[in-house]
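Below is one structure; the comments refer to it alone.
Chain nomenclature is as follows: A, B, C, D, E and F, assigned in order of appearance, with residue numbering initiated at 1 for each chain independently.
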Amino acid sequence: MSLNRIWAENRAALNGWLAIPDGFASEIMAHQGWDSLTVDLQHGVVDYAAAVRMLTAIGTTDVVPVVRVPWLDPGIIMKSLDAGALAVICPMINTAADARVLADAMRYAPQGGRSYGPIRASFAHGADYPKRANEIVTAFAMIETKQAMAVLDDILATPGIDGVYVGPNDLALTLGLAPQFDPTHRTMLDAFDHILARAKHHGKRAAIHTGSAGYAKTMATKGFDLVTVGSDARFIAAGAAAEVAAFRARD
Amino acid sequence: MSLNRIWAENRAALNGWLAIPDGFASEIMAHQGWDSLTVDLQHGVVDYAAAVRMLTAIGTTDVVPVVRVPWLDPGIIMKSLDAGALAVICPMINTAADARVLADAMRYAPQGGRSYGPIRASFAHGADYPKRANEIVTAFAMIETKQAMAVLDDILATPGIDGVYVGPNDLALTLGLAPQFDPTHRTMLDAFDHILARAKHHGKRAAIHTGSAGYAKTMATKGFDLVTVGSDARFIAAGAAAEVAAFRARD
Amino acid sequence: MSLNRIWAENRAALNGWLAIPDGFASEIMAHQGWDSLTVDLQHGVVDYAAAVRMLTAIGTTDVVPVVRVPWLDPGIIMKSLDAGALAVICPMINTAADARVLADAMRYAPQGGRSYGPIRASFAHGADYPKRANEIVTAFAMIETKQAMAVLDDILATPGIDGVYVGPNDLALTLGLAPQFDPTHRTMLDAFDHILARAKHHGKRAAIHTGSAGYAKTMATKGFDLVTVGSDARFIAAGAAAEVAAFRARD
Amino acid sequence: MSLNRIWAENRAALNGWLAIPDGFASEIMAHQGWDSLTVDLQHGVVDYAAAVRMLTAIGTTDVVPVVRVPWLDPGIIMKSLDAGALAVICPMINTAADARVLADAMRYAPQGGRSYGPIRASFAHGADYPKRANEIVTAFAMIETKQAMAVLDDILATPGIDGVYVGPNDLALTLGLAPQFDPTHRTMLDAFDHILARAKHHGKRAAIHTGSAGYAKTMATKGFDLVTVGSDARFIAAGAAAEVAAFRARD
Amino acid sequence: MSLNRIWAENRAALNGWLAIPDGFASEIMAHQGWDSLTVDLQHGVVDYAAAVRMLTAIGTTDVVPVVRVPWLDPGIIMKSLDAGALAVICPMINTAADARVLADAMRYAPQGGRSYGPIRASFAHGADYPKRANEIVTAFAMIETKQAMAVLDDILATPGIDGVYVGPNDLALTLGLAPQFDPTHRTMLDAFDHILARAKHHGKRAAIHTGSAGYAKTMATKGFDLVTVGSDARFIAAGAAAEVAAFRARD
Amino acid sequence: MSLNRIWAENRAALNGWLAIPDGFASEIMAHQGWDSLTVDLQHGVVDYAAAVRMLTAIGTTDVVPVVRVPWLDPGIIMKSLDAGALAVICPMINTAADARVLADAMRYAPQGGRSYGPIRASFAHGADYPKRANEIVTAFAMIETKQAMAVLDDILATPGIDGVYVGPNDLALTLGLAPQFDPTHRTMLDAFDHILARAKHHGKRAAIHTGSAGYAKTMATKGFDLVTVGSDARFIAAGAAAEVAAFRARD
């Protein structure tokens, strides 16, 4: 199942985040009701081999498998797709040239230059995957720098870029603000609105990283097509901290 | 740091539980304020190699490393100690003979028959570990069947058994009740009280598995020396489920 | 899906064999039409951690997950069930006492002494797994020695033993014959017939290891309920050897 | 043993392909009579750590170890050589500049810019490996796009490029044809002939990926110096599918 | 190559020890001139999966692969043999019954009860391995307790026990002495002499663990058939400590 | 603890080297008295997943964790920092442009373009890591080619480059000399002196790779700020070779 099926229902995809390099942790997450789960090869403690285990675990359910790659590199983008990712989020797309490299890596000729060899994808998504691949994959360019904001329309206009994914922390840093989950600063909110508006103008998808269901809901209501909440790592930390605090609390 | 240090402060140890076979997940847990963390080789998705990674991660903090072994088997008990566990929880100690096997595996001669070779423990706990090992390790016999209840005093009287660890789920099953976290059934509560009382009578430690800080606190107040709450796996499931539900909720 | 569902269709289950400790290899196998796949922890190059990866891969399909444990040991039998195996094949069940140990490890009280903690099984087979577990698991005792043949009825009469699994190679060795795939020796064929007949007499299942679809089919026709053919390792060896031979052949 | 030794016998090297990230699977392959085996880091489910295990397994035999890298990246090319690969196949060499980057990464100064540190190669290929390395390694540039065909002579003329490796699937895609094993389309066959002829003209090696021993033999007869057939993953799929079909067939 | 080949040269085998669970570390060791290398599953940080990687690495050379199992358990003994170990050292053989269990697990019927399935051994040691296995494997019973000393002749007289392996540390502990490498205490030296003499009397092999080449040489001169020196872990610690000390030393 | 703390003591940091991809091997090293340990992702048999295990093991001590990345690639540089490395050594910085890419990847805006997500670093180095990160990390540009020597001042003048790390082997190769540990050739010594002098001139740190404590001490005395000696892999090889030689020596 690709993200397109969720979007066909005219709703935002609720996306979970995976930073722990273990298949069982991913399998637990896959049973909690997310529309999609993103294996984070950038800031997660995850490499390709872990990603395969995690994508396999996601594959025991109907959750849409997504990968955030560590960097703009055709090799890992293609390996992620071959391993079964149906969407790729690529960090730091700061120029139209960056966007073209990403787009090129995501689809087979003639739309792009993806190399042929969908080794796990053909099992995970059916023997007809090669024919459907160009239609069912989604390429997200991360917009997370001042530099990217300046060329946002060029990035959005790039053929093969299906959407943008807002990275609030890095965007804040490059705008001279502190990284912060679920920002309320006017500058940040304006940036989010602007990105969303330009994406819609170009007929592209908009996605955003958030730190809570409430913020995510607000963003989905605004029109974002995919909203990310939390991560396996954060749920462990928060859940454990809460129990420890409750136990240690003076009555 | 062994459990004895915590107990020297006249308080119950707050123990977390690790079921995910990943060092980073364990490291997150180790930073949340637990007194000890138990690597669960029995019902966790964990084997010896994962346990080493997890114990290493715990070793980046002062949290006391504990292992629950998969079964009463001197080989894995000794390997856990060699890998740096300072306490071992052994499931299904149902007879005095079981207790003697456990006790024998936990300490070097003349107290027991532990084989010499503390390969990681000597790094993790200091070059003088071999001399101190018999003093700083803790052997917990799990009391979790009707059969064990019938010979509880024999188990508690076994030299080298430092304490008992109550397994409510299996105890419930063998008492004809459904497994349940934090039971309120009279039969269960009576069993807990009985075990605690007999342990104290024998001058041994009593520990118990719980599902919430509140229940754990009640047990600690009763006099249990170590109380377990939650697990990394449960925190992921609960945290994710809560966020998904919050997002999906109609306002 | 358990083996019972296949048997409800009044046909033999076609079982594949997994000796390579890799999730992707298992996933390939899981897409080839087998009814069940057995992760071989005994003679396969497989340990528990690999088994989890392999069971997860099988879990991306409807194939029934089975584990052959390395030896009669309640610890690994229970860990296999917790990891999602719906059937366990245990080697070298040579006495009724062996059979009782196996049966005891397979089911929760009051039928047996399986310890409670179905960590992956509850995700893989549904939240109601704990209630259904005793019904949906299958315990196979391997009959593979002269000694076992002598007490076959005692083994078959053991409550909780759901069936026997014939190991032709070890049986041959203990009967003074050379190990051989798909034996035609009268002694072996008589043994197979005898085991099958006694199993049916006791209302238990009979399964057998074979080396080819043809032999397996013959056995299924005789009345065996589960027949194993080949293995991932054998398919690599045979497929590669055939291609190399074809290339090297003089025309 | 390098590929040069096989070529010194005036015959084509028969190359097998490894897509399963497991040492034992590779070791099985290494005993089936191949001249060389290629660890596929591009479309195989393989990363560097798996490659080391696989190269070690190949190293238990005399089979020549080859690596296909995931992308044109000096880091992984050099790590593959350090890990013991004696030949490197690099995908998507589409320009003379690409070819120069590949060539530069393959050999020590003054021929190239390979960084010094042959950590496993010095054990696998002898203490004199550093002195012999530039002679015994083979750099294959993959020719698999229309773009590459247009500058084929420039690529072949690049010093340090020892040969070209034809990738039929990607070549087909960029020529507007469907990817297909063992193509018979005139356009493809002409392309193969052209590449072979130009390689020979430049005194370079030509290699090609095929799907069967028969096609490979035809290519070897034409003059290709290395022909690849099948893969561990394909042998599992084909072998299992054949046995399942044979069992399910109505007689 | 089995230990018998070395002994056919009328000399003691020089055995190295592997405690680090990594194939490359083992491969380095395998190139240093040892006759045999022992993968230590007992006190090494090693489990079965690591052992396979380590045995594969040893298999790139002619060094004889040995495994010390974690405990007397037929499952892991047989898995070690299947994985290619040609000798097994089993700790804590303290009774004749223990010795019989070990012996039984080491050889196929009719000599013993080893289960058939030499999955890696058949590649590592040749297709005729099954026929030769009973001849080429070596079973070492560890003599390392006072209890074992008391029944030494019974252990040595057990058919299928090929030799004894002296564990000085555990022996010291049970004799009331401190564990110590290369002991000079009369009690220990007498014990060594006694074990050696009784082994020779029974026509069995004698082996011993030492901490230095000098002590090992003395033991070999006395008549021990296999002498162990050092370990990968000890070489790292000693080598690093020496360099650090040299650097930090005031001139 | 960062390298700055050691340098605040006005002494050279003594750096050890890790080429074996195992946490326990690293943990042994971390207890031998080094100031810092470098996980070598370039010529070590190490990838990112191993690096995490190794950095975790180092994190059980106060040793400063350093990573040498495989190549100039922002993705792996940032992943190394996120995983807890406090210094990064980047090979083959041959131009000022290379130096700028390295510097940019090492620090958050506005000093650089490091992407935000210090997943393990925030546990390993404290919750205030994000604020302190730009101050406590160290970027070493490897100077190891003739080409780099020609633009040494430009590299040293690059903002965000904290120091240079001399790679003697590659430098020797590009200067037309044989790679050699601890060179005495005039050309090499002059190069070392020149690099050291220019680094000091620019107020930057200078570091160098050596093969022995003696040479390292000489370099530290000259003024190098960090000196590397040996590696886990070399200590195994040297220690084992010495013991084997001692045993085999004729008296």
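Note that a residue touches a chain if its C-beta (ideal position, glycine included) is under 8 Å from a C-beta of that chain, and two chains touch if they have at least 3 such contacts.
Fair warning: this is a prediction, and the values are worked out from it, not measured in the lab.
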Co-neighbours of subunit D and subunit B - touch as defined: A, C, E, F
Comparison of C-D and A-F by number of C-beta pairs in contact, larger one: C-D
Same-residue or different-residue interface between subunit A and subunit B, half as cut-off: same
Longest centre-to-centre distance from subunit A, chain (CA-based): E
CA centroid of subunit D to CA centroid of subunit F, Å: 34
Subunit C-subunit F separation of Cα centroids, rounded to whole Å: 52
Shared-contact residues (touching 2 or more other chains) in subunit F: 21, 24, 28, 31, 45, 47, 49, 52, 73, 76, 119-120, 233
Pairwise touch network: line, ring, star, complete, or other: other
Set of all touching chain pairs, with the criterion as stated earlier: A-B, A-C, A-D, A-F, B-C, B-E, B-F, C-D, C-E, D-E, D-F, E-F
Touching residues (chain side subunit B, partner subunit A) in the complex: 14, 16, 19-22, 24-25, 28-29, 31-34, 45, 212-214, 216-217, 220, 227, 229-230, 232-241, 243-248
Interfacial residue positions of subunit C with respect to subunit A in the complex: 23-24, 27-28, 31, 52-53, 56-57, 59-60, 119-120, 123-124
Contact set on subunit B toward subunit C in their complex: 19, 21, 42-45, 47, 49-50, 70-71, 73, 91-92, 144-145, 167, 169-170, 173-174, 176, 179, 233
For the subunit F and subunit A complex, residues of the former touching the latter: 47-49, 52, 73-76, 78-79, 82-83, 108-110, 113, 115-120, 130
